[in-house]
Structure formats: structure tokens, C-alpha cells
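Written out below as C-alpha cells is the structure these notes cover.
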Amino acid sequence: MDLKTIVERNDTTAGRYFDLSVQLLIFVSIVTFSIETLPNIDSGTQVALGVIESVIVILFTIEYLLRIYVSDKKLSYVLSFYGLIDLAAILPFYLSTGLDLRSLRIFRLLRLFRLLKILRYNKAIDRFFRAYQIAKEEIVLFVTVTLMLLYLSAVGIYYFENSAQPEAFSSVFSSLWWAVTTLSTVGYGDVYPITLGGRLFTFVILMIGLGIVAVPAGLLASALSKARMDETNKEG
Amino acid sequence: MDLKTIVERNDTTAGRYFDLSVQLLIFVSIVTFSIETLPNIDSGTQVALGVIESVIVILFTIEYLLRIYVSDKKLSYVLSFYGLIDLAAILPFYLSTGLDLRSLRIFRLLRLFRLLKILRYNKAIDRFFRAYQIAKEEIVLFVTVTLMLLYLSAVGIYYFENSAQPEAFSSVFSSLWWAVTTLSTVGYGDVYPITLGGRLFTFVILMIGLGIVAVPAGLLASALSKARMDETNKEG
Amino acid sequence: MDLKTIVERNDTTAGRYFDLSVQLLIFVSIVTFSIETLPNIDSGTQVALGVIESVIVILFTIEYLLRIYVSDKKLSYVLSFYGLIDLAAILPFYLSTGLDLRSLRIFRLLRLFRLLKILRYNKAIDRFFRAYQIAKEEIVLFVTVTLMLLYLSAVGIYYFENSAQPEAFSSVFSSLWWAVTTLSTVGYGDVYPITLGGRLFTFVILMIGLGIVAVPAGLLASALSKARMDETNKEG
Amino acid sequence: MDLKTIVERNDTTAGRYFDLSVQLLIFVSIVTFSIETLPNIDSGTQVALGVIESVIVILFTIEYLLRIYVSDKKLSYVLSFYGLIDLAAILPFYLSTGLDLRSLRIFRLLRLFRLLKILRYNKAIDRFFRAYQIAKEEIVLFVTVTLMLLYLSAVGIYYFENSAQPEAFSSVFSSLWWAVTTLSTVGYGDVYPITLGGRLFTFVILMIGLGIVAVPAGLLASALSKARMDETNKEG
């Protein structure tokens, strides 16, 4: 069994272990990244985190070089989606010796997408893209209508609430925040209408909005079922 | 290529550019409208916004006259849905020289509907209307039941909470506000039951309501899938 | 055209007007009922509301007697669902001369169900009941599982939050209120976990709950589509 | 009719009564458990609750022994899912004479699952598992994507809000709490963005999130309909 099989495929035991090691490393990298954001970390922990980070980036670099080495079309890997992600994950570390590129480390999170490989549900992912193709036009239509509704809701509530709550609804822009939290039904409660007109308007907007905002998810679910059915019919 | 093709159709390069210019103009008009609502705008910006507004309205007027000019049935365009919107968008500007018709400028937002043309998804819009036709009876039924449930919820919570919270639940009308925010699951948290009876009532209403409020969106999604399937079958 | 046709059917002009009058009367009755709950009504308005109420009940009584008069099987109307509702709407008024039966006037709201006739969507209502029959077993299963999940969530959050927030999560019963507002995604914000354990628990419960609570509405929507399709196939 | 039929089956009158008694006992056990969590219980009630608890555990023990006695394969019952639940429900009581195992009583709640038998909807439960099999790959995919989205949302909001609200968004971990309450649309309102960047980010995340989080429920509903249809086709 050659190196190429181990690195690029996961249908052998060695290949599976390689994949698993990479995924574990990504997970450790994410946890380290999260811990670093904790306030009041003592200097001992900070040193430990720095060491772990260096080790991870070195291992990621080895993996990156390995992937280039075993690739038949080296350039096409380097320029591929995963190739660019893999590079973005390690580059900031090497560049940051002189400059302060701490914030660029966030690119390492892009490697999260590599975790999708854990699933090995390539079929399900394919199906998802086919489902999106099936329902694309309707989804784009509903997203556009949702955006319009958000804007019109913001303008409407601005007219009703601005004089009663000049702070919370100071402009159409700040009213948009209300529109987003309301039509998504999140409803934090930081801004809400208090006038009779504003409440009636909210009622009307919600009656329309609830029938629009939830539709894309339903369309996607229904298209996914259709994509699966088509597959079964073809196979049968 | 004559003027008519450019103005009325978008299957030529010139026609597409014309449409795109109109859409860009609508977008600029919306942004200007929103910026005007910002508090504490200095006088320099106000003058600039006034100039932009005038230019936009003049361009909209030219577009309106062009559309009448190229139209075969001029009157039917003027009285059409888009014709009336296009007029409503410019008329307040010309009338407001003497009177204060600032608030009428809101009609310009109606031109938002012109943006639907960006999509050029006439098929998807057709499908939406067909889907609505398919599921119309059920949607109307569920919306009516939702309205009844809203009212009955408001009456119920009024009886449970009025004596405990005479401010928040002062009448059936103010209780309706609670019913709207609760059954839509927005839940701002400005009003909520505190008595045992009111909480039990909320539980019952939510158990029923969650199974009713979300149904129209599901019906629409399912009818849209059906409309698309019918289309494919016909074409196939 | 005899009285029976007018009262019992709505496929003639007179019948339609009779129905419309009754529905209008119900609407007025509801509005009156709601206005009466307003605080600080002056005595003039109170007298006016009292008069309107009396007139409405007298008209409802005439309608009730008419319906008995034209009915072929008088007893079966009196004991029918609508017959009992019609009686419950007027009886408290006549009984309340001696006693204080104000609160019984709430029965008049039951006449709301008569408004369902506005729809004249008997087909859609039939379809709804057939859809419920189709999906009944799954709906009952999911509602039962939802109830269990509510209870287990309440017990869990009680263990995590009771010591940190002894007021908000004082017992499993008060924790149930949190479970209801959280799993319905209403989230008023009057009670929420603050401990790490409680928040992790909320995360797990929501991941499971979101996949369960929304299912009955989806089942109903899908069964309604099925019921409509079966109908079309039969007719075709 | 022998003891085995009564204990193990519910298609005879005696068997049904046995099942009903067990279910009633479970219900009483749950109510007792909940009441015990109430603060400020007087000593009289505490004694009463203790007695009820002892009686329930003794009856559960009798039932457990009966189930072993009538079982053909005694060991396989003892090691079965329900067998272990039944044991876990009574064991803590007998072990707690010396030690304080109060908290282990929570295992008694596991007997809740026995209540699923009330439904006797074995078909619906079967269908649920078949539906899960049908949609498994998509559900796992969407749950994984939801988890990724939760993490990325937490990292994003941390970058936008940390400096403005160092308390509420102190680290990626505390930001995760915001991500959970927002993407589930619960929105308690204990943490929410206040910066422009954070609000725009929330808008983007919600536009994506609403189209993902609700999909598994839709998939399950659609797969359940499919499972039911397959059944009807087979039977027909």
C-alpha cells in the first residue's frame, strides 16, 4: 500500500486512520482556538496553548506537503477549494513572526469543512446539491421576498414607533434590526412596538411573514425527499 | 433595435442594461429614503440627499413617459398595476411644491416590486400563484382558525391574568398583543403570564397553536413542489 | 321560497343574507364583549354596551327559536353541537336577572364557531378531518413524546438550575414553565438557565426538541396534500 | 387464563387492566417525584410522600419479580432495555438504607418509557423508525451542518461583540450560548448583539440558519408520510 492511497482515500484501514488523525487534529485545533478566547488565562496555560498551536500547525504543514507530494495534478490540488483552505490554515502562522497576524488564525477554522468528510455521506451531500437545484428558483424567490418584507417591515415600524420610541427606532436602519429579530421569531425583547398602530402592524407582518419565512426550509426538505426518490427509482 | 424593445423587454443587451439601470435607480432611491430617516443629519448631507432625490424623481419621470410613449395600449399601461406604482412614485414630488407631502414619498417604496423583475423567475412566480391556487382553501381555513385561536387565547389569558397583572393584561385588546407574540413564538418577553392558571392555559394554547400556525407554510411548500412536478410531467 | 330555505341553507340570495346577518351579529357581539373588558369605561358607554348586548341576545333568541321552528327534527337540532352552542349563548342572559352570571357570558364566544360557515369551505374542513385521520397515529405519538420530553426537560433543568436560581426553578412544576416556553421556542426570557450544566442541557434538549415539536405540523400539511390528491384522483 | 398472559400481553381484559394499573402507578410515581421537589413541604406531607414512595417501589418490585417469573427466557428479560429500566427504578430504594442515594431515584423516571405502551401504536413507532432509516443520512448531514454553523456563529459573534460586551460574550464558549438561543429562535433576550457588525452578522446567520435548522423536522415528516404510503401500497 503506497502513501497515495493512505493520504487520498479512506477505503483502507491505513487511509481511515490517516483521515481520523487529521480530523482529531482539526478538533484539537478548534478546542485550542476556543480556549484561547477565554479571559484571564494564566501565563502557564498560555505557554501550553502556544506549544499545542505550534505542534498543530507543523502537523498541518506536513499533511499539506504530503497532499501535494502524492497528488497527480499538484497545481490543481493547490488551487482547489480544500487546497486553499489547507494553505490558509497554516500560512498565517509562518507570516506572523514579524507582524501581528493573530486574527488571521481564524482561517484555521475553515478546516472545519474537512470534518464533513467524517460523514462519508457523499451521497447525502450530492443529494443536497441536487435538491437545491430542484428548488433553487423558488428558494431564491422566497429569499428575495423575505428581504423585501424585512425592508418594508422596517419602514412601517419606523413610521409607527419612531415618535414613541426615538431611541429604539431611531431610523430605518435600526428598525431593520427589529424586523430581523421579529420575522425570524427570535424576539430577544430588546426592541418591540408599544403603540397600538405598531402592534397592529406587527400582527399583519407576522401573519404574512410566518407563511413566507418558513417556506424555503419546507421546499428544501421536500426537494431532498424528491431527490432520494428519483435515486431509488433509477436504481430499481 | 427600436426604443420599444429596449424599454419593454429584457432579452436584448440594451434591454437588459435599461432594466438594470432602473433597478439600480430603485436601489439608490431606497438607500436615500433610508438615510433620510437617520437622526442628526447635518445640513450638507440634507442638501445632497435633496439633490439625489430630485435627480431620481426626474429619471423616474423620464422612464414613466418613455413607457407610455412605447406602449401600444397607452391607457392600459397607465391603469395597470405597475403603471399606477410608477405614477405614485413620482406624483408626490411634483405636488409637494405647495403642500407638505413628505410622507407621501413612501409611495416610492412601491417601486420595490419592480425589483422582482431582477429575478426574471417568471416561472417561479407563476408556480407560486398556481401553488396558492392549489392550497388556497386550506390556507384560508388555517388562517381563519388562527385568527379565532388568537382571539380565544386573548380572552382566556385576560380571565387568568387580568387580576394579577392589571397593567399588562388590561383588556382583551391588550391581551391580543400577548396572543400574537406568543402564538407566533416571537416571545419578546414584554408580557407573559405569571399565574398558574395562565401558564397552564399558555401550555394548552401552544400545544394546539404550534400544530396550526406552521401548517400554511408547509401547505405552500408542498403545493409548490406539486406545481413543479405537474410542470415537469407536462413538459416530459 | 319558504322560511326553512332561508334559515337553513345558503344557496339562495335570501339564505345568504340571513347567514351574513347572523355572522355580522356574532362579530358585533364579539366586539362588544371585548370593549366591555376595557378598564375605565364611563357610565354612558356602559349603558350603551348594555343596550347593544340586550338587543344582540334578543336577536340571537329569535334566531334560535326560528331554527327550532324550521327544523324537521327539532330535538336533534336542540341537542346538536350548534344547537347547544346557540342555547349557551343566550341562556346566561335570561338566568342572570337574579344571580350574577356575568362570567357565563363567555359562552357567547362559542358562537365564534358559527363564523366557520363564512368560509363555506366544507370541502377544506372535510379534508382537514380526513388528513387528521391519515396522520392521527403519528400525531398522537409525537404529541405524547413531546409531553414526555417536556417533563424530562423540566426534571433535568431543575437538577441543574435549582441551587443557582432557587426562585425561578423552585420545583419541577415551575421548571415545567421553562420547558414549555423553551421547547415551543417562544422564549419570553423570564426564566433561563445560567449554569454551564443547565445551558449544555438546554442545547441537547433543543437539538432533540426542534426535530420533534415541528413534526406534527409537517405531518398535517403533508396529509392535507395527500387528502387533496386522493380527491382529485377520485374525481378524475 | 394464566399469569403469563396477564403480565405480558394486553389483548385480554385482565392483561389490559394489569397494564393500566402499572401505567397508573408510573403516573403516581411521577407526580410524587415532582411534588417532592416543591420547596417548604411540611413534615406531615413529607411522611405521606415517603409512605407513597415505599408502596410504589414495593409494587414495582412485585411487578419486576412477576415479569421475571413469567418470562420464558428470564435472563434475556433481565438484560433487555425494559428489564434494566425496571431494575434501575427499584434498586436505589433498597441500596439507600445505608448511603444517601436520593438522587438515584431519578432512574425511576426512566419508567416513563413504559408509558409509550399506552399508545399501543406499535405501527406508528415502527413507522417512525423506518422513517428515520429513510431520512437518516440527510438528518445526520443537517445536524452536523447545524453544529458547525453553531460553532462558526459563536466565533463570529465573539469577534464582533467581545469588545462591546466583554461580560456577555466573554469567550467563544459563552458566545455558543448566544448561538444556541438564536439559531433555535428561542431568543431569551439575556444575550444579544448591540454593535452594527454583530447585528449584520446575526442577520446573515439567521438567513442561512432558518433554512437549515428546520429541515430535519420537515425531512422526518416527509419520510413518515412515505413510510405510511409504502405500507398502504404493500397492504393494497
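By written order: A, B, C and D. Residues from 1 in each chain.
Rule of thumb we're sticking to: a residue touches a chain if its C-beta (ideal position, glycine included) is under 8 Å from a C-beta of that chain, and two chains touch if they have at least 3 such contacts.
In this text the structure is predicted, and so the values were computed from the model without any measurement.
Between the contact lists of chain A and chain D, the overlap consists of B, C. Superposing the C-alpha atoms of chain C onto those of chain D requires a rotation of 90 degrees, given to the nearest 5. For chain A, the chain whose average C-alpha position is most distant is C. Chain A and chain B, compared by their mean Cα positions, are separated by 29 Å. Inter-chain spacing, taken between the CA centroids of chain A and chain C, is 41 Å. Shared interface positions of chain B, defined as residues touching 2 or more other chains, are 185-189, 213-214, 217-218, 221-222. Chain B meets chain A in the complex at residues 30, 33-34, 37-39, 103, 106, 109, 112, 115-116, 118-119, 121, 123-125, 127-128, 139, 143, 146, 176-177, 180-181, 184-190, 213-214, 216-218, 220-222, 224-225, 228-229. Those residues of chain B that touch chain D in the shared complex are 185, 187-189, 218, 221. Residue ranges on chain B touching chain C, taken from their complex, read 134-135, 137-138, 140-141, 144, 148, 151-152, 155, 158-159, 162, 166, 170-173, 182, 185-189, 192, 199, 202-203, 206-207, 210-215, 217-219, 221-223, 226.
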